[in-house]
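Each in structure tokens, the structures are laid out below.
Shared between the two complexes below is chain A, which has chain B as its partner in the first and chain C in the second.
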Partner chain A sequence: MSTLHTVNKSPFEKSSLESCLGYAKAGSAVLMYEDAVYGAIKGTAIADKIAAADGVKFFVLGADLKARGVAEDKVAAGIEIVDYSAFVNMAVENDKVQAWV
Partner chain B sequence: MSETIKKFMYLNRRAPYGTIYAWESLEVVLIGAAFDQDVSLAFLDDGVYQLVKGQDTSGVDMKNFSPTYQALGDYDVTKLYVEKESLEERGLTLEDLMPLTYEDEDDDWAEKDSIRLVSRAEIADIMDEQDVLFSF
Partner chain C sequence: MKFAIQVNEGPYQHQATDSAYQFAKAALDAGHEIMRVFFYHDGVNNGTNLTTPPQDDRNIVNRWSELGKEHNLDLVVCVAAAQRRGIVDEGEMQRNGKSAQNIADGFRISGLGQLIEAGIQSERLVVFGD
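Let's turn to the complex of A and B:
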């Protein structure tokens, strides 16, 4: 069963992204949006944990990066920047969505 | 009314758009600036994200209030303490922040930096000196 995990809280303020990483299985996808986009920035402790998650695909919402002044070249390698329509497609294509609110 | 000037510090610990805290803090600072107190702002934890340059909210249907920080100097709010450790933990440096300046009336209106990079220990000392702390 493929799952899309969505996270919208800053990993430096709340533990939801880290919890998500503990449950996301190989073959699932994690989408970071709203304040969770700060988790996509390279060179942080959480970036190392994302890099260590084997077989999990990571995505980040471009509009939320832009709103927060996070340039695309600041995003860690292996995290794909997506738009709203890709978000919708991922929600449809996966069997279910697990929201780590 | 007492003529005593008190030291007021606003603590900013939240990222700018996920919650309303950052914007509310800015509004209160601007209102409070009318009362001629000794005002300073501290940016720590996720609060450092409020000052990141290049914010563009056109894709998320929200108001980009970051240009308002540039106006603080005109309201004599000229002490913006940014915590070094909070920046580092988030993969940021001073170069990622908006340049914020004020004109120093006691120094022939020389343009000076409002942002002061300080350590966690220094911020703790500065907080300790305050009469009033407002948390956002």
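Let's turn to the complex of A and C:
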């Protein structure tokens, strides 16, 4: 059973991304969107925690990066930039969707 | 695949309803079914027809109504959350002695059972909120 975790809070403001990292099992996916896109920026304490999460795939919504003026080259290696269509596909491909609202 | 969507936040205050709309559109464009969109908590404010946003801004309420009409979506507003926030249809107006109704085109007021049913009958329930 794989889960798509959706996180929409900045990890520099709320702890939901870190909570999610504690629960996400190998084989699951984490999508950062809305203010959570700040968690995808390289060179932060959160980036280290994301890099250390074994077997979990990380994605960030490109439209929300752009809306916040975060350039794509600021995104940490290993985090894939996706669009809404890919968001939908991830919801289909995983067995369930868990929103960390 | 059969999706259900839950929206917990109102328009122009939080991105949740914008994200939910973009997700719904992408899902429909990909040929998926959305069996219900359930508006809960402040999300019921997406279902008022009294909003008049500036013309150069997106009209969040009309956008849901239009998507609903185009794809025959079941746009459901939670009754208890609606009563608290003044979202009223014909039945609620008469039942509660109100002077007007304001439910937007394509929306209907119903109960939490509709959310539970959406969770059971859909293959994925995707939640957007604060």
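Basically, the second predicted complex is superposed on the first by the 101 of 101 C-alpha atoms of A that agree within 3 Å, B and C clash if a C-alpha of one lies under 4 Å from a C-alpha of the other, contacts with A are read in each partner's own complex, and residues count from 1 in each chain.
By our rule, a residue touches a chain if its C-beta (ideal position, glycine included) is under 8 Å from a C-beta of that chain, and two chains touch if they have at least 3 such contacts.
Keep in mind that this is a model prediction, so the values were computed, not measured.
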TODO: Check the residue A:97 against both partner chains and state whether it touches chain B (first), chain C (second), both, or neither.
DONE: second
TODO: Determine, under the contact definition given at the top, whether A:34 touches first (chain B), second (chain C), both, or neither.
DONE: both
- [ ] Mind working out whether A:74 is in touch with chain B, chain C, both or neither, as first, second, both or neither?
- [x] first
TODO: Determine, under the contact definition given at the top, whether A:44 touches first (chain B), second (chain C), both, or neither.
DONE: first
Open item on the list: Quick one: is A:55 in contact with chain B, with chain C, with both, or with neither? Answer first, second, both or neither.
Closed with: neither
- [ ] Would you mind checking which one, chain B or chain C, touches more residues on chain A?
- [x] B
Task: Partner chain in contact with A:8 - chain B first, chain C second, else both or neither - done: both
Open item on the list: Quick check on the superposed pair: does A:63 touch chain B, chain C, both, or neither? Answer first, second, both or neither.
Closed with: both
Open item on the list: Please report the chain A residues shared by its interface with chain B and its interface with chain C.
Closed with: 8, 34, 63-64
Task: Residues on chain A engaged by chain B in the complex (per definition of touch) - done: 8-10, 12-13, 34-35, 38, 41-45, 47, 62-64, 66-71, 74
Open item on the list: Taking the touch rule as given, give the residues of chain B at its contact with chain A in the complex, in rising order.
Closed with: 14-19, 45-46, 49, 52-60, 62, 64, 66, 89-92, 96
- [ ] Under the touch definition given earlier, write down the residues of chain C that touch chain A in their complex.
- [x] 1, 3, 8, 15-16, 19, 22-23, 25-27, 29-30, 32, 124-130
Task: Footprint of chain C on chain A - complex, ascending - done: 6, 8, 33-34, 63-64, 83-85, 87-89, 91-92, 96-97, 99, 101
